[in-house]
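Think of it as A, B, C, D and E in the order they're written, each chain with its own count starting at 1.
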Amino acid sequence: MDIGKIVGSITSVAKIEELKPLTLYLVHLLDSEFNNTGNYMVAVDTIGVGYGDIILITTGSAAKMTAVTRDVPVDTSIVARIDTEKEES
Amino acid sequence: MDIGKIVGSITSVAKIEELKPLTLYLVHLLDSEFNNTGNYMVAVDTIGVGYGDIILITTGSAAKMTAVTRDVPVDTSIVARIDTEKEES
Amino acid sequence: MDIGKIVGSITSVAKIEELKPLTLYLVHLLDSEFNNTGNYMVAVDTIGVGYGDIILITTGSAAKMTAVTRDVPVDTSIVARIDTEKEES
Amino acid sequence: MDIGKIVGSITSVAKIEELKPLTLYLVHLLDSEFNNTGNYMVAVDTIGVGYGDIILITTGSAAKMTAVTRDVPVDTSIVARIDTEKEES
Amino acid sequence: MDIGKIVGSITSVAKIEELKPLTLYLVHLLDSEFNNTGNYMVAVDTIGVGYGDIILITTGSAAKMTAVTRDVPVDTSIVARIDTEKEES
(Lines give C-alpha, C1' and ligand atoms only; values in the text may rest on other atoms or scores of the structure.)
Protein backbone atom coordinates (compact mmCIF):
# COMPACT_ATOMS: atom_id res chain seq x y z
CA MET A 1 0.00 0.00 0.00
CA ASP A 2 1.04 3.62 -0.53
CA ILE A 3 0.76 6.76 1.59
CA GLY A 4 -0.99 9.80 0.15
CA LYS A 5 -2.54 13.15 1.03
CA ILE A 6 -6.00 14.34 -0.04
CA VAL A 7 -5.57 17.52 -2.09
CA GLY A 8 -8.72 17.78 -4.20
CA SER A 9 -11.78 16.05 -5.56
CA ILE A 10 -12.86 14.98 -9.02
CA THR A 11 -16.20 16.15 -10.38
CA SER A 12 -17.85 14.32 -13.24
CA VAL A 13 -21.37 14.16 -14.66
CA ALA A 14 -20.74 11.56 -17.36
CA LYS A 15 -19.52 8.38 -15.72
CA ILE A 16 -20.35 4.72 -15.39
CA GLU A 17 -23.26 3.96 -13.07
CA GLU A 18 -21.18 2.22 -10.42
CA LEU A 19 -19.12 5.36 -9.78
CA LYS A 20 -22.12 7.65 -9.16
CA PRO A 21 -22.52 7.06 -5.40
CA LEU A 22 -18.76 7.26 -4.72
CA THR A 23 -16.48 10.17 -3.76
CA LEU A 24 -13.33 10.43 -5.86
CA TYR A 25 -10.37 12.30 -4.38
CA LEU A 26 -7.21 13.60 -5.98
CA VAL A 27 -4.37 12.20 -3.85
CA HIS A 28 -0.73 13.28 -3.90
CA LEU A 29 1.56 10.34 -3.24
CA LEU A 30 4.01 10.87 -0.36
CA ASP A 31 7.40 9.32 0.35
CA SER A 32 8.17 7.50 3.59
CA GLU A 33 8.87 10.84 5.35
CA PHE A 34 5.48 12.12 4.11
CA ASN A 35 6.98 14.52 1.56
CA ASN A 36 5.23 15.02 -1.78
CA THR A 37 6.68 12.79 -4.54
CA GLY A 38 5.14 14.70 -7.44
CA ASN A 39 2.99 11.69 -8.37
CA TYR A 40 -0.75 11.35 -7.78
CA MET A 41 -3.67 8.95 -8.02
CA VAL A 42 -7.43 9.36 -8.13
CA ALA A 43 -8.83 7.23 -5.29
CA VAL A 44 -12.25 6.21 -3.93
CA ASP A 45 -13.11 7.16 -0.34
CA THR A 46 -14.29 4.12 1.64
CA ILE A 47 -13.97 5.45 5.22
CA GLY A 48 -14.88 9.17 5.25
CA VAL A 49 -11.78 11.34 4.83
CA GLY A 50 -11.28 15.03 4.03
CA TYR A 51 -8.86 17.58 2.62
CA GLY A 52 -5.36 17.44 4.05
CA ASP A 53 -5.77 13.97 5.54
CA ILE A 54 -2.81 11.60 5.26
CA ILE A 55 -4.23 8.31 4.06
CA LEU A 56 -3.37 4.73 3.10
CA ILE A 57 -4.20 3.59 -0.43
CA THR A 58 -4.64 0.07 -1.74
CA THR A 59 -4.37 -0.52 -5.49
CA GLY A 60 -5.07 -3.19 -8.08
CA SER A 61 -7.63 -5.95 -7.63
CA ALA A 62 -7.78 -5.28 -3.86
CA ALA A 63 -9.25 -1.81 -4.48
CA LYS A 64 -12.59 -3.33 -5.45
CA MET A 65 -12.88 -5.57 -2.40
CA THR A 66 -13.96 -3.03 0.24
CA ALA A 67 -17.59 -2.89 1.43
CA VAL A 68 -18.03 0.33 -0.58
CA THR A 69 -16.30 -0.72 -3.80
CA ARG A 70 -17.22 -4.37 -4.17
CA ASP A 71 -17.17 -5.22 -7.90
CA VAL A 72 -16.92 -1.54 -8.88
CA PRO A 73 -14.39 -0.97 -11.69
CA VAL A 74 -11.89 1.06 -9.65
CA ASP A 75 -8.19 0.41 -9.11
CA THR A 76 -7.36 2.68 -6.13
CA SER A 77 -9.19 2.85 -2.77
CA ILE A 78 -8.52 4.77 0.46
CA VAL A 79 -8.59 2.20 3.28
CA ALA A 80 -7.24 4.06 6.36
CA ARG A 81 -6.49 7.54 7.72
CA ILE A 82 -2.97 7.58 9.12
CA ASP A 83 -2.57 9.09 12.63
CA THR A 84 0.31 11.47 12.34
CA GLU A 85 1.05 15.16 12.45
CA LYS A 86 -0.12 16.54 9.16
CA GLU A 87 2.21 18.32 6.83
CA GLU A 88 1.05 21.28 4.83
CA SER A 89 1.86 20.80 1.17
CA MET B 1 -7.19 5.78 -11.34
CA ASP B 2 -5.33 8.14 -13.67
CA ILE B 3 -6.32 11.30 -15.54
CA GLY B 4 -5.85 11.42 -19.31
CA LYS B 5 -6.81 13.33 -22.45
CA ILE B 6 -8.18 11.79 -25.66
CA VAL B 7 -5.75 12.62 -28.48
CA GLY B 8 -6.39 9.98 -31.14
CA SER B 9 -7.92 6.63 -31.98
CA ILE B 10 -6.48 3.25 -32.88
CA THR B 11 -7.56 1.56 -36.11
CA SER B 12 -7.09 -2.15 -36.56
CA VAL B 13 -8.55 -4.79 -38.87
CA ALA B 14 -6.79 -7.84 -37.42
CA LYS B 15 -7.77 -8.17 -33.78
CA ILE B 16 -9.37 -10.57 -31.36
CA GLU B 17 -13.15 -10.90 -31.69
CA GLU B 18 -13.94 -9.31 -28.33
CA LEU B 19 -12.30 -6.02 -29.35
CA LYS B 20 -14.30 -5.60 -32.59
CA PRO B 21 -17.31 -3.72 -31.15
CA LEU B 22 -15.17 -1.44 -28.98
CA THR B 23 -13.65 2.01 -29.60
CA LEU B 24 -9.98 2.28 -28.68
CA TYR B 25 -8.58 5.73 -27.96
CA LEU B 26 -5.01 6.95 -27.67
CA VAL B 27 -4.86 8.77 -24.33
CA HIS B 28 -2.10 11.08 -23.10
CA LEU B 29 -1.63 10.76 -19.36
CA LEU B 30 -1.84 14.05 -17.45
CA ASP B 31 -0.34 15.11 -14.13
CA SER B 32 -2.46 16.44 -11.25
CA GLU B 33 -2.50 19.94 -12.85
CA PHE B 34 -3.69 18.37 -16.14
CA ASN B 35 -0.36 18.89 -17.93
CA ASN B 36 0.88 16.25 -20.37
CA THR B 37 3.31 13.78 -18.74
CA GLY B 38 4.69 12.37 -22.01
CA ASN B 39 3.21 8.95 -21.22
CA TYR B 40 0.19 7.39 -22.88
CA MET B 41 -2.18 4.42 -22.77
CA VAL B 42 -4.59 2.87 -25.26
CA ALA B 43 -7.99 2.74 -23.52
CA VAL B 44 -11.49 1.42 -24.25
CA ASP B 45 -14.37 3.91 -24.30
CA THR B 46 -17.23 2.78 -22.02
CA ILE B 47 -19.21 6.04 -21.70
CA GLY B 48 -19.03 7.91 -25.05
CA VAL B 49 -16.18 10.40 -25.07
CA GLY B 50 -14.47 12.39 -27.84
CA TYR B 51 -11.28 14.16 -28.88
CA GLY B 52 -9.91 16.60 -26.33
CA ASP B 53 -11.98 15.25 -23.44
CA ILE B 54 -10.27 14.98 -20.06
CA ILE B 55 -11.11 11.55 -18.74
CA LEU B 56 -10.63 9.13 -15.83
CA ILE B 57 -8.99 5.78 -16.57
CA THR B 58 -9.14 2.58 -14.57
CA THR B 59 -6.47 -0.06 -15.17
CA GLY B 60 -5.73 -3.68 -14.36
CA SER B 61 -8.38 -6.28 -13.56
CA ALA B 62 -10.97 -3.52 -12.95
CA ALA B 63 -10.79 -2.46 -16.62
CA LYS B 64 -12.73 -5.57 -17.65
CA MET B 65 -15.53 -5.09 -15.14
CA THR B 66 -17.57 -2.35 -16.84
CA ALA B 67 -20.84 -3.17 -18.61
CA VAL B 68 -19.06 -2.69 -21.96
CA THR B 69 -15.84 -4.60 -21.22
CA ARG B 70 -17.01 -7.49 -19.08
CA ASP B 71 -14.57 -10.39 -19.60
CA VAL B 72 -12.93 -8.65 -22.57
CA PRO B 73 -9.10 -8.96 -22.48
CA VAL B 74 -8.38 -5.25 -21.96
CA ASP B 75 -6.35 -3.60 -19.20
CA THR B 76 -7.38 0.09 -19.51
CA SER B 77 -10.93 1.52 -19.59
CA ILE B 78 -12.31 5.07 -19.63
CA VAL B 79 -14.88 5.28 -16.81
CA ALA B 80 -15.69 9.03 -16.49
CA ARG B 81 -15.38 12.37 -18.27
CA ILE B 82 -13.93 14.93 -15.85
CA ASP B 83 -15.75 18.28 -15.65
CA THR B 84 -13.06 20.88 -15.94
CA GLU B 85 -11.85 23.53 -18.34
CA LYS B 86 -10.14 21.69 -21.12
CA GLU B 87 -6.54 22.31 -22.00
CA GLU B 88 -5.37 22.27 -25.57
CA SER B 89 -2.37 20.00 -25.99
CA MET C 1 -2.96 -1.26 -23.43
CA ASP C 2 0.45 -0.46 -24.90
CA ILE C 3 1.75 -0.18 -28.47
CA GLY C 4 4.73 -2.30 -29.52
CA LYS C 5 6.67 -3.61 -32.51
CA ILE C 6 7.63 -7.24 -33.14
CA VAL C 7 11.44 -7.43 -33.31
CA GLY C 8 12.27 -11.06 -32.51
CA SER C 9 11.10 -14.33 -31.09
CA ILE C 10 11.98 -16.32 -27.99
CA THR C 11 13.12 -19.93 -28.35
CA SER C 12 12.97 -22.29 -25.41
CA VAL C 13 13.02 -26.07 -24.95
CA ALA C 14 12.54 -26.18 -21.19
CA LYS C 15 9.26 -24.50 -20.32
CA ILE C 16 5.95 -25.14 -18.63
CA GLU C 17 3.54 -27.31 -20.62
CA GLU C 18 1.00 -24.54 -21.21
CA LEU C 19 3.53 -22.44 -23.11
CA LYS C 20 4.51 -25.16 -25.59
CA PRO C 21 1.85 -24.47 -28.27
CA LEU C 22 2.29 -20.70 -28.10
CA THR C 23 4.51 -18.28 -30.05
CA LEU C 24 6.44 -15.85 -27.88
CA TYR C 25 7.65 -12.62 -29.50
CA LEU C 26 10.15 -10.05 -28.32
CA VAL C 27 8.32 -6.71 -28.54
CA HIS C 28 9.86 -3.24 -28.34
CA LEU C 29 7.51 -0.81 -26.63
CA LEU C 30 6.75 2.34 -28.64
CA ASP C 31 5.69 5.81 -27.54
CA SER C 32 2.52 7.48 -28.83
CA GLU C 33 4.36 8.58 -32.02
CA PHE C 34 5.51 4.96 -32.55
CA ASN C 35 9.14 5.67 -31.64
CA ASN C 36 11.12 3.07 -29.70
CA THR C 37 11.12 3.72 -25.93
CA GLY C 38 14.03 1.39 -25.14
CA ASN C 39 11.73 -0.89 -23.11
CA TYR C 40 10.48 -4.31 -24.18
CA MET C 41 8.14 -7.14 -23.22
CA VAL C 42 7.89 -10.80 -24.21
CA ALA C 43 4.32 -11.33 -25.47
CA VAL C 44 2.14 -14.22 -26.68
CA ASP C 45 0.75 -14.05 -30.21
CA THR C 46 -3.04 -14.59 -30.23
CA ILE C 47 -3.91 -13.30 -33.73
CA GLY C 48 -1.07 -14.22 -36.14
CA VAL C 49 1.44 -11.39 -36.42
CA GLY C 50 4.97 -11.17 -37.87
CA TYR C 51 8.26 -9.29 -37.73
CA GLY C 52 7.95 -5.53 -37.99
CA ASP C 53 4.23 -5.45 -37.21
CA ILE C 54 2.98 -2.66 -34.96
CA ILE C 55 0.75 -4.31 -32.40
CA LEU C 56 -1.46 -3.69 -29.36
CA ILE C 57 -0.55 -5.47 -26.12
CA THR C 58 -2.73 -6.21 -23.13
CA THR C 59 -1.06 -6.98 -19.79
CA GLY C 60 -1.89 -8.34 -16.36
CA SER C 61 -4.82 -10.63 -15.63
CA ALA C 62 -6.44 -9.75 -19.01
CA ALA C 63 -3.52 -11.37 -20.89
CA LYS C 64 -4.79 -14.83 -19.95
CA MET C 65 -8.36 -14.21 -21.09
CA THR C 66 -7.98 -14.56 -24.87
CA ALA C 67 -9.18 -17.71 -26.68
CA VAL C 68 -5.51 -18.74 -27.09
CA THR C 69 -4.24 -17.97 -23.59
CA ARG C 70 -7.15 -18.90 -21.36
CA ASP C 71 -5.75 -19.89 -17.94
CA VAL C 72 -2.18 -19.97 -19.29
CA PRO C 73 0.32 -18.34 -16.88
CA VAL C 74 1.24 -15.39 -19.12
CA ASP C 75 1.06 -11.68 -18.34
CA THR C 76 1.37 -10.09 -21.82
CA SER C 77 -0.70 -10.91 -24.95
CA ILE C 78 -0.84 -9.39 -28.44
CA VAL C 79 -4.52 -8.63 -29.15
CA ALA C 80 -4.49 -6.50 -32.35
CA ARG C 81 -2.31 -5.45 -35.30
CA ILE C 82 -2.46 -1.67 -35.64
CA ASP C 83 -3.12 -0.32 -39.15
CA THR C 84 -0.48 2.30 -39.71
CA GLU C 85 2.57 2.95 -41.83
CA LYS C 86 5.27 0.83 -40.34
CA GLU C 87 8.48 2.29 -39.06
CA GLU C 88 11.76 0.51 -39.55
CA SER C 89 13.60 0.17 -36.27
CA MET D 1 8.66 -10.61 -5.07
CA ASP D 2 10.73 -7.77 -3.63
CA ILE D 3 13.17 -7.52 -0.74
CA GLY D 4 12.57 -4.92 1.97
CA LYS D 5 13.54 -3.88 5.49
CA ILE D 6 11.11 -3.09 8.31
CA VAL D 7 11.71 0.51 9.40
CA GLY D 8 8.49 1.60 11.08
CA SER D 9 4.83 0.89 11.67
CA ILE D 10 1.64 2.64 10.60
CA THR D 11 -0.87 3.68 13.26
CA SER D 12 -4.44 4.37 12.31
CA VAL D 13 -7.75 4.59 14.20
CA ALA D 14 -10.03 5.19 11.20
CA LYS D 15 -9.72 2.26 8.85
CA ILE D 16 -11.79 -0.42 7.17
CA GLU D 17 -12.85 -3.27 9.46
CA GLU D 18 -10.73 -5.90 7.74
CA LEU D 19 -7.51 -4.03 8.52
CA LYS D 20 -8.17 -3.74 12.29
CA PRO D 21 -6.58 -7.04 13.39
CA LEU D 22 -3.53 -6.61 11.13
CA THR D 23 -0.10 -5.07 11.72
CA LEU D 24 1.00 -2.66 9.02
CA TYR D 25 4.72 -1.99 8.65
CA LEU D 26 6.59 0.71 6.76
CA VAL D 27 9.09 -1.15 4.58
CA HIS D 28 12.06 0.33 2.72
CA LEU D 29 12.64 -1.48 -0.56
CA LEU D 30 16.18 -2.82 -0.99
CA ASP D 31 18.18 -3.57 -4.11
CA SER D 32 19.71 -6.99 -4.78
CA GLU D 33 22.72 -6.13 -2.55
CA PHE D 34 20.28 -5.13 0.26
CA ASN D 35 20.99 -1.40 -0.08
CA ASN D 36 18.14 1.07 0.36
CA THR D 37 16.54 2.11 -2.96
CA GLY D 38 14.74 5.16 -1.59
CA ASN D 39 11.36 3.56 -2.33
CA TYR D 40 8.97 2.11 0.24
CA MET D 41 5.73 0.17 0.65
CA VAL D 42 3.28 -0.30 3.51
CA ALA D 43 2.94 -4.07 4.02
CA VAL D 44 0.89 -6.46 6.18
CA ASP D 45 2.77 -8.78 8.53
CA THR D 46 1.68 -12.41 8.04
CA ILE D 47 4.52 -14.24 9.82
CA GLY D 48 5.62 -12.16 12.85
CA VAL D 49 8.51 -9.87 11.96
CA GLY D 50 10.10 -6.90 13.72
CA TYR D 51 12.13 -3.74 13.24
CA GLY D 52 15.28 -4.16 11.19
CA ASP D 53 14.25 -7.51 9.70
CA ILE D 54 15.03 -8.11 6.03
CA ILE D 55 11.87 -9.53 4.52
CA LEU D 56 10.28 -10.80 1.31
CA ILE D 57 7.19 -8.99 0.02
CA THR D 58 4.53 -10.25 -2.35
CA THR D 59 2.33 -7.70 -4.13
CA GLY D 60 -0.84 -7.53 -6.19
CA SER D 61 -3.62 -10.11 -6.04
CA ALA D 62 -1.29 -12.61 -4.29
CA ALA D 63 -1.05 -10.32 -1.24
CA LYS D 64 -4.60 -11.22 -0.22
CA MET D 65 -4.07 -14.99 -0.47
CA THR D 66 -2.18 -15.66 2.76
CA ALA D 67 -3.92 -17.26 5.75
CA VAL D 68 -3.87 -13.86 7.49
CA THR D 69 -4.99 -11.67 4.59
CA ARG D 70 -7.51 -13.82 2.76
CA ASP D 71 -9.97 -11.51 0.99
CA VAL D 72 -8.66 -8.46 2.87
CA PRO D 73 -8.25 -5.42 0.57
CA VAL D 74 -4.46 -5.19 0.78
CA ASP D 75 -1.91 -5.20 -2.04
CA THR D 76 1.38 -5.90 -0.20
CA SER D 77 2.10 -8.74 2.27
CA ILE D 78 5.26 -9.87 4.07
CA VAL D 79 5.63 -13.62 3.36
CA ALA D 80 9.15 -14.51 4.62
CA ARG D 81 12.03 -13.26 6.78
CA ILE D 82 15.26 -13.55 4.79
CA ASP D 83 18.19 -15.18 6.60
CA THR D 84 21.10 -12.86 6.10
CA GLU D 85 23.32 -10.54 8.03
CA LYS D 86 21.25 -7.49 8.78
CA GLU D 87 22.27 -4.07 7.63
CA GLU D 88 21.70 -1.06 9.79
CA SER D 89 19.89 1.64 7.86
CA MET E 1 6.84 -11.40 -19.56
CA ASP E 2 10.37 -10.30 -18.70
CA ILE E 3 13.81 -11.82 -19.31
CA GLY E 4 16.12 -12.42 -16.35
CA LYS E 5 19.24 -14.25 -15.22
CA ILE E 6 19.56 -16.44 -12.11
CA VAL E 7 22.24 -14.92 -9.88
CA GLY E 8 21.47 -16.24 -6.39
CA SER E 9 18.97 -17.89 -4.10
CA ILE E 10 16.99 -16.71 -1.11
CA THR E 11 17.24 -18.63 2.17
CA SER E 12 14.56 -18.24 4.78
CA VAL E 13 13.47 -20.24 7.83
CA ALA E 14 10.49 -18.10 8.84
CA LYS E 15 8.03 -18.05 5.98
CA ILE E 16 4.44 -18.86 5.15
CA GLU E 17 3.70 -22.58 4.80
CA GLU E 18 2.97 -22.44 1.07
CA LEU E 19 6.49 -21.19 0.30
CA LYS E 20 8.30 -24.00 2.14
CA PRO E 21 8.48 -26.53 -0.73
CA LEU E 22 9.48 -23.90 -3.30
CA THR E 23 12.89 -22.65 -4.51
CA LEU E 24 13.22 -18.89 -4.58
CA TYR E 25 15.87 -17.39 -6.86
CA LEU E 26 17.31 -13.90 -7.02
CA VAL E 27 16.95 -12.84 -10.66
CA HIS E 28 18.61 -9.89 -12.37
CA LEU E 29 16.33 -8.37 -15.00
CA LEU E 30 17.89 -8.09 -18.46
CA ASP E 31 17.15 -5.75 -21.34
CA SER E 32 16.24 -7.00 -24.82
CA GLU E 33 19.96 -7.54 -25.65
CA PHE E 34 20.33 -9.57 -22.40
CA ASN E 35 22.34 -6.87 -20.61
CA ASN E 36 21.78 -6.31 -16.88
CA THR E 37 19.29 -3.49 -16.17
CA GLY E 38 20.22 -3.06 -12.51
CA ASN E 39 16.75 -4.22 -11.42
CA TYR E 40 15.91 -7.57 -9.87
CA MET E 41 13.03 -9.77 -8.73
CA VAL E 42 12.75 -12.76 -6.41
CA ALA E 43 11.07 -15.53 -8.44
CA VAL E 44 9.80 -19.08 -7.86
CA ASP E 45 11.33 -21.89 -9.91
CA THR E 46 8.65 -23.98 -11.64
CA ILE E 47 10.77 -25.85 -14.22
CA GLY E 48 14.19 -26.63 -12.68
CA VAL E 49 16.71 -23.92 -13.52
CA GLY E 50 20.17 -23.09 -12.13
CA TYR E 51 22.74 -20.36 -11.67
CA GLY E 52 23.53 -18.36 -14.78
CA ASP E 53 20.46 -19.53 -16.70
CA ILE E 54 18.64 -16.93 -18.81
CA ILE E 55 14.97 -17.33 -18.00
CA LEU E 56 11.48 -16.02 -18.74
CA ILE E 57 9.46 -14.59 -15.85
CA THR E 58 5.72 -14.14 -15.57
CA THR E 59 4.38 -11.70 -12.96
CA GLY E 60 1.12 -10.71 -11.31
CA SER E 61 -1.89 -13.00 -10.98
CA ALA E 62 -0.45 -15.37 -13.64
CA ALA E 63 2.50 -16.23 -11.37
CA LYS E 64 0.23 -18.32 -9.16
CA MET E 65 -1.28 -20.32 -12.01
CA THR E 66 1.53 -22.79 -12.74
CA ALA E 67 1.30 -26.42 -11.59
CA VAL E 68 3.87 -25.64 -8.88
CA THR E 69 2.48 -22.32 -7.63
CA ARG E 70 -1.28 -22.81 -7.84
CA ASP E 71 -2.92 -20.57 -5.21
CA VAL E 72 0.45 -19.85 -3.56
CA PRO E 73 0.83 -16.15 -2.62
CA VAL E 74 3.66 -15.36 -5.06
CA ASP E 75 3.81 -12.67 -7.74
CA THR E 76 6.78 -13.78 -9.88
CA SER E 77 7.36 -17.24 -11.43
CA ILE E 78 10.02 -18.62 -13.77
CA VAL E 79 8.16 -20.30 -16.67
CA ALA E 80 10.87 -21.04 -19.28
CA ARG E 81 14.63 -21.30 -19.79
CA ILE E 82 15.59 -19.25 -22.86
CA ASP E 83 17.89 -20.99 -25.37
CA THR E 84 20.64 -18.54 -26.06
CA GLU E 85 24.33 -18.07 -25.50
CA LYS E 86 24.73 -17.20 -21.88
CA GLU E 87 26.35 -14.00 -20.77
CA GLU E 88 28.54 -13.91 -17.71
CA SER E 89 27.42 -11.17 -15.34
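Methods note: a contact is a pair of C-beta atoms (placed from the backbone, for glycine too) under 8 Å apart; a residue touches a chain by one contact, two chains touch by 3 or more.
What you see is a predicted model, and the numbers here were worked out from it, not measured in a lab.
Peer 1: Could you name all chains that are in contact with subunit B and with subunit E at the same time?
Peer 2: Where subunit B and subunit E share a partner, that partner set is C.
Peer 1: Quickly list, by label, the chains bordering both subunit B and subunit C.
Peer 2: none
Peer 1: How many angstrom lie between the CA centroids of subunit A and subunit B, rounded to a whole number?
Peer 2: Result: the chain centres lie 20 Å from each other.
Peer 1: On a C-alpha centroid basis, what's the spacing between subunit A and subunit E, in Å?
Peer 2: For subunit A versus subunit E, the centre distance works out to 33 Å.
Peer 1: Quick one: which residues in subunit D touch 2 or more of the other chains?
Peer 2: If we look for residues of subunit D contacting two or more partner chains, we find 59-61, 63.
Peer 1: Testing understanding: with touching defined as stated, what is the shape of the graph linking the protein chains, line, ring, star, complete or other?
Peer 2: Chain contacts: single closed ring, each chain with exactly two partners.
Peer 1: Counting contacts the way the document defines them, list the chains around the ring, subunit D then subunit E and the rest.
Peer 2: Cycle of chains, anchored at subunit D and oriented toward subunit E: D, E, C, B, A.
Peer 1: Which bits of subunit D are touching subunit E when the two form their complex?
Peer 2: Touch residues, subunit D against subunit E: 1-3, 31-32, 46-49, 56, 58-63, 65-67, 77, 79-84.
Peer 1: Give the list of subunit A residues in touch with subunit B in this complex.
Peer 2: Contacts found on subunit A: 7-8, 10-19, 24, 26, 28, 38, 40-43, 60-61, 63-64, 71-76.
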